[in-house]
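Have a look at the structure that comes next, please.
Read from first to last, the chains carry the letters A, B, C, D and E; within each, the first residue is number 1.
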C-alpha cells in the first residue's frame, strides 16, 4: 500500500510526541515502541519495494493535488534512502536506560521522521521544514552528552546552521517570488523559462550553501570535526553516514530538476575539490580516530560533490554509488571508533585484543581507498570514468585531486591499521588497550557483512543502482508522475 | 676445422700466451732496470722465479678458498686466452666475442679477491678493495673504447674486428681510424696492468703489498703466472683492437711488445696515485677522449 | 547614479539589509549571545523577504468575508510559510539560549574565542589526543610539535 | 562446465590459499603448502605441454559488472612470469618449512599469517598475470599491491614503517594507472585490451604523453624505477627471510609484466618512440631507457653503502630491474630477450642470495655486515650458494646473469647507444664491488669468536638453496632452455626473437656459446688446479697466524676490514650520496604535513561563520558579475 | 582588521543580493498556486481564512513539521537544562502590584488565547498566535512569583497529547480512506464558527502544543538561570 508510506513519517512523529508521556506510565512499552515504529517503517518501505515497485509515484498529502498541496515523490532513489533512514535509525537506536533516554529516543524518532521526509518530500519549503527539524533534533542529540565542549560545539553548529537556514529561506523566497510555486515538479516545468537566469542561480547558490552545512560542503563544514568529536559516536555515524547524504540528495534533486545552469555545477565542482583537498589533508594529520573520520568524511563528501557536478546528470550513478558506499563504510568505521576513540597511540596492540574489530577496520579502509573487489572500487571507477570523459580542465583537475586524495587517504588509514597491529607499548597493561566489543562491534560487523555482501553481489547491485540512477535522472518522468497542473495562470 | 685441430689450438694458445707473457715480464723488468740504471735480470729469470716459488717447502694455506682463489686466477686467464685470436689460431673466439672476453678477464680478479679475502688479513682486504676500485676506474674508459671499436666494426667478434683492420693496411687500423679511442685505450690499459703510478692496491710500504700480503710459495707463484697472462692478454687485446692484430707471428709479437713498452716506460717514472686520484684521472681524461672518439665513430 | 527611491527598493533594502546586518553581526560579534541575537535579525530579514514575495499592490488580506465579490487578495502561501518559519526560528532560538546558559555555567564565559579555546582543550583532554593547534598564533607561528599531555591544560581552563 | 587448464591452475592456487588460511597454524602446514605450490607448478607445466603453443588459454571465469567485461586468460608472457612466480614461491616456501619455521615461531612470528600472505601473493599474482582486459589488470594490480603489503608488514617494527611507505607509493602508482585507465576508457569507450590501441590511434601527442607517464609511472612504482625507488629496499629487506626471497625474486617484476603488456604490446614501442619531448631530441623511449639506466646505477651504488646484507641485496634488486627495463625498451631481438631472460635469471640468483643470507641470519642472528666474517669454514655450502648467487648477480660467466646482461649489452651495441652501454657497464662494475663486500664481510676474513661453533644451515633450508644454485648454473650453461620460454613470451608481446641455440645466441655480428665458454673456463680452472696442486703440499694455518706488522694476534683482536669498505671510492663519490631523493620524499611529506596543518587550522579557527559569509559573497558575486 | 573585512563582506553580500532581488517584479507576484488556492480553498477546506487553509490544509505537513521542531527544541532544551534543577527560591519575590497584576491578567489572557485559537479559521490569528498568548498567560505569574514552578508533568502531557492528536486526526482521515491529514468536511458552512471540518481541531491541537511547548521552554530557562 503506497499511501502507507506517509506513516513512515507520521508514526515516528507520533511516537516522539508520546514517548515522554508513555515513559511515565510504562517503561517497557516506551522502550520498545520506538524500535517497533522503526521496524514497521522498514517493513512498509520494504514491502512497497518488494511488491513490484517499478514506476515512481506521487502521494498527495491531505488529498490536495500537487502544485497546491504537498506531495511525497516516491521513486526508487527516495525509497532506498527512506529505507536506509529507517534501518539506520534502528541500528543507531540509543538503547540507554538512563534518565534522559525518553528524550533522546524521542529526538531520535524526530530525526528519523525528518530524514524520511527529506528523502520523500517533493516540495521545496517542506524540505526546508524537515531539514530544520532534522537540524534541531541533531542539536539536541549532539548536546546530550552534557560536556561543556559539546555545548560549545553544538552552539557553533547551531549558529552556522542558522545562517544556512537564513540563506536557504532567502533562496526559497527568491524562487517563490519568481515563479509563484514551491512544488519541485512544478518548478521543474517552469525552470527553463523562469529560473534560467542569474536570479535563479543566486537562489540555488543560497540554498546550496544553506543545505551544504549539513552536507558537509566546503567551507561551511567547520562544525564537522567539533561535533563528531564531542557527540556520541552513534549520532556521528548517523550524521556522517546518512544525514549528509540526504542533504546531498536534496541538492542533487534541485540540480537535476530545476537548475541546469553550468555555473551551478561549476560552483559545486570547485567547492567539492576544495572539500576533498581540505578534508583529506586535515585527516592526514589527525591524531585521533573520531576526528580523522570526521575529516575523512568531509573529503569523501567532497568527492561526491565532484561527482554531482558532472553535467547532465551523468554523475548520478557515481553520486549514488559513492554515497551509499560511504554510508555503509563510514557508519561502520564510526561504530568501531566508539571504542577506539582517543589518541591513536593508545590503539597500539588493539588488534590482538579485538581481532575482529581490526579486521573490519582494515576491510573498511580497503574499501574506502578503492581496493578492487570491494565496492569502493566500483564507486570510484564509475566516477573517474565519467570525470575523464569531460574536456573542461576543471573536471580533470577534479580527477587529479581525487586520485591524489586517495593516496593520502590510504596513507592515513593504514597508519592507523598499522598502529592497531603493532605491539603495545611495553609499559601498558593489557586492560588498558581499548577493545572493540559488544554492541558497537556487532553493529560494525553488520556493516561489514553488508559491505561484503555488496562486494559479492556487485553485478546485480550495479545493475540495480544503474536502474535507480536512470529513474532518478529522468526529469520528464518526475514531472509526469507528479503532473502539477494549474488550470489558470496568474492574476 | 676438425676437433683435433681445435683441441690443439686450445692447448697451444694458453701455452704461447704463457711463454710470451714470461718474456713480457722479463722485458718489463729490463726496462725498469734500465731506467733505474741497473743491470736487470737474466733471460730465464721469470721461469726461475715460477719454479722457485712452486717448489718452496713452506706453503701456508688459509683454507680451501685461498687455494681456489689462485686456481681461479690462473684458470680465468687460461680460458681467456682461447678467446683471443693470434696469427693462425682463432680458438673459440667466435663463440664468445669481445664482451665475453672482457668478462672472463674479470674472473681472475674475482678469484684473487676471494683468495685474499679468505686470508683474513686486513691489508689484503684493503688491497682488494683498492684493486676493485681501480677496476671501476679503468674499466669505464676501457668499455668506452671497446664499444667504439665494436660499433665501428659492426661486430663483437674479435676475428672480424681484426679482419676489417687488416683489409686496407695501415689506413684501416684502429689507431688511424680512431686515434682518440686508441689513446684512451692506452691509458686504460696502463691502469689495468696495475703498474706505477696505478699500483696503489699493492702499496708495499703502506699495506704490506696488499693482496699479496699472505701469499707465499706457490700462491705467489700462481699470481706470477697470472701476471704473465695479464701482460700478454692486455697487450694482445690492444693490438687486436687498434693495431690490426698480427698477420704473422713476427709483427704480432713486435706490436705486442712495443705496445707494452710504452706504459712500462712511463710506469717507472712516476710515483703512485691515491685511489681517489686514480678514479678522478681515469674518469676524466680517457673517458673524455673515448667519448669524443665514439662521437667520431657514430 | 542614484536609483529612484521607490517603496519596493526600501522594502527590499530593509529585508536584505537585515540579512546583511545579521550576518555581519554573527561574524563580527565576539560574544555568543550577540551572535544568537544577530541570527535572529538575519532570520527576520529572510522572513521579510518571504512575505514580500507574496505582496500585491492594492490587495487585501486573504480572508474571505461575506462580501459577494472578493477583492484581489495577496498571496496567502508566503504568509503561511512565514508563520512556519517564524515558529521554527523561535524554536531554534530557545534552544540556543538554553545551550548558552549551560555554556556560561560550564565555562563562565560567553566570549566566542575563549569558549572555542575551552572547547578545544576539553576535546583534547577527553580524547587524550594532543592538541597541536592553537587558535591564536597565525599558522606559521604555531608550535609544530605536539604538546605533552601535562601541558594541555596550561593554556585552557584552570578552575 | 569444462575446466580449462587456466582454471585448474587458479583453482590450485586458490586451494593453496585456503589451505594456508584454514590449517596454516599446524607445523605440517608449511609442507602442505609447499606441496601445493608444486602442484601449481605441475599445472603450469601441464599447460605448456598440453594446451598452449604460443596461443592463449582462456579462463571460464568471466563477469560483467556495470557494463564492463572482466575476463582472464594466459599466454606466453603470462606463462613465463607465472613460472617464475610459482617457482620462487615453491622454493621459498620449501625453504621456510622445518627449521626456519620453528625459529620464526620461537621469535614470536605468526607462521599462519606468513603462509597465508605468501599464498595470497602467489594467487593474486597469477590473477594479475592472467588478466584479459584492462580492468582485470587493474584489479589484479591492486590485489598484488595489497597482498605484498601484507607480507611486508608481517615483521612489525621497522618493517611496518617500510610497508607504510610502500603502500603510499603503491597507492600513488595505482592511482596513476587508474587515471590512465580512465583516459583510455574515455577515448575508446572500452576497457578491453584492444582499447589501448584504439585509444592510441585517437589521442593527440600531449594525451599520449600523459598516458605513457601515467602508465610508466604507475607500473614503474612497483618496479622501483627512479625516482620511485625509495620504498623498495627497506620493504623487501625487512620482510621475514623466505618472504624477502620471494618478493625479491618476483614481486617487483609484476611492474615489468604490466609495462610489457600495456606499453610494449598494446601501446607499441613504435608509438612510444614517436613521442618527442619538445625542444629536445629525446623521445619517450629514450626517456624510459634513461630512467632504466639511472635505476641501474644509483641503487647499485646505494647498495654499496649498505651495511646490512638484506638491504644490500634489496637495493641490488632495484638496480637489476633497470637492466630488464633497459632491454625491453631497446626492444630489438637481443634487448627484448635479454630483458626477459634477466627476469628469470634475476629471480633465481636473488632468491638464492636472500636464502643464503637468511641461512646466515638463522645461524648467527644478524645480517649486519660489520658483525660477521669468516663463516666460510663453518657454512661452506651456504658460501657456495652465495658465491654462485653473486657471480650471477654481478653478471660474470659462468652463471646465468652473464647471458642476460650480455644480451642487453649486445642490443645497446647494435643500436649504437654508447652512453646507455657505458652506464649499464658502470652498474655492473658497481655490482661487482658491492657483492664482493657482501661475500667478504660475511664469509671471508676473520671468523668471530661468537661464531666459532656455528654449524651449516639445516638441510630443509639447504636443499632449496642448492636447487636454485643448480638452476643458476645450468641456465648459465644452457641458456637455450629459458630462452625458449622467453621466445614464446616475446612473440606474445610482438617483439622480435633472436636466433638461439641451446648454448646461447647465434648472430652474424658476434655470437655467444656458453657451452664453449664455460667449457674452456673449467678447462682453464683444471689446468690452473693442475699447476697449483702439482706443487708441494700446503699447510693449513690458523686464521690468526697472520701478518700483523710484528704484533701477535689473539682471538679478541678484531682483525677484519669491513667498515667503509671502499674508502677510496667513497672519498671521491661519497659526496654524491646526498640523498636527493630522500630529500625530495621528505620535502613532499613535509609539504603535505604543512598543508595538512593549514587545513586543520582552517577547520579549527573560531570564526567559522566568516567562511560562510565569504563563500556566499564570492559565489553570488560570481553570478551577478 | 578581521572585523573590517567581515563588515565589507557582509555589505558586499547585501549589495549583491539586492542587485539580484531588484530583478524581481515587486507587488505583482506570479501567484501561480496562490490564486489557485484562493479559488479552491473555500470548497476544499471550508475555512474563511485562506492562510489557515494553507497552514492546516494545503501545507498541513509543514505545520506538523513545525510543531515537531518546537517539540524537538523543547525536548532538547530539556536535555540540556534538565540535568540539574536549581530552585530559584533565593530570588526576591515581585511586589504586590506585580503579583496581583499577574493573577488578574491570567484569565484574561487565557480567554484571548483560546479565542484566537478557536477563530483561527475565520479571522487573522490561529493556533500559533493563540498558543503564544497562552504561554504568556502561564509565564506572567511565573515572572511575578519567581519561586513558583510550573507543573512540568501536566505540561508534558499536554505537549504530547496535543501533538499526537494532530497526527491522530490526520491518521483518522486515512482510516476513513482519505489521504493523511486530509481535512474532513462536515458541511459547507463557510464563515461559521463550527465550520471547516477538522481544521479548528487541528488548530486547537496546535495552540495547546505551542502554548505548552513555549511555557515549558521558558520555565526551564528561568529555572536554570540562577545566579551561582
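In this section, a contact is a pair of C-beta atoms (placed from the backbone, for glycine too) under 8 Å apart; a residue touches a chain by one contact, two chains touch by 3 or more.
Quantities reported herein were computed from a predicted structural model and do not represent experimental measurements.
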- [ ] Give the chains in contact with both chain B and chain E, ordered by label.
- [x] D
- [ ] Based on which chains touch which, give the shortest step count from chain B to chain D.
- [x] 1
Open item on the list: From the centre of chain E, which other chain's Cα mean sits the farthest off?
Closed with: B
- [ ] Give the chain pair, either D-E or A-C, that is connected by more C-beta contacts.
- [x] A-C
TODO: For chain B and chain C, let me know how many angstrom lie between their CA-based centres, rounded off.
DONE: 90
TODO: Measure off the straight-line distance from the CA centroid of chain C to the CA centroid of chain D, and report it in whole Å.
DONE: 61
Task: Centroid spacing, where centroids are CA-atom means, of chain A and chain B in whole angstrom - done: 78
Task: Intercentroid distance (Cα basis), chain D paired with chain A, Å - done: 45
- [ ] For chain E, write out the residues touching at least two other chains, lowest number first.
- [x] 6, 9-10, 13, 16-17, 20-21, 24, 28-29, 31, 33-35, 37, 58-59, 62, 65-66, 69, 72-73, 76-77, 80
Task: Set of chain A residues in contact with two or more other chains - done: 125, 129, 132, 136, 139-140, 143, 151, 156, 159, 163, 167, 170, 174, 176-177, 180, 182, 198, 202, 285
TODO: Can you tell me which residues of chain D touch two or more of the remaining chains?
DONE: 597-598, 600, 604-605, 607, 609-610, 613, 616, 620, 623-624
Open item on the list: Taking the top-of-page definition of touch, could you list the pairs of chains it picks out?
Closed with: A-C, A-D, A-E, B-D, C-D, C-E, D-E
Open item on the list: Residue numbers of chain E touching chain C in their complex, please.
Closed with: 3, 6-7, 9-11, 13-14, 17-18, 21-22, 24, 26-29, 31, 33-35, 37-38, 41-42, 48-51, 53-55, 58-59, 62-63, 65-66, 69-70, 72-74, 76-77, 80-81, 122-124, 126, 128, 190-191, 210, 214, 217-218, 220-221, 224-225, 228
Task: chain A - residues contacting chain E, complex - done: 3, 6-7, 9-10, 13-14, 16-21, 24, 59-64, 67-70, 100, 103-104, 106-107, 110, 113-114, 117, 123, 125-126, 129-130, 132-133, 136-137, 139-141, 143-144, 146, 151, 170, 174, 176-183, 186, 190, 197-199, 202, 486-491
Task: chain C - residues contacting chain D, complex - done: 23-24, 26-27, 35, 112-113, 116, 120, 132-133, 135, 139, 142, 144
- [ ] Sort out for me which residues of chain C touch chain E in the complex.
- [x] 7-9, 11-13, 15-17, 19-21, 23-24, 27-28, 49, 52-57, 61-66, 70, 73, 75-77, 79-81, 83-84, 86-88, 90-92, 94-95, 97-99, 101-102, 105
- [ ] Spell out the residues on chain C that touch chain A in their complex, using ranges where they run on.
- [x] 19, 22-23, 26, 32, 35-36, 39, 42-43, 45-47, 49-50, 52-54, 75, 77-78, 81, 84-85, 88, 91-92, 95-96, 99-100, 102-103, 106-107, 115-116, 118-120, 122-123, 126-130, 132, 146
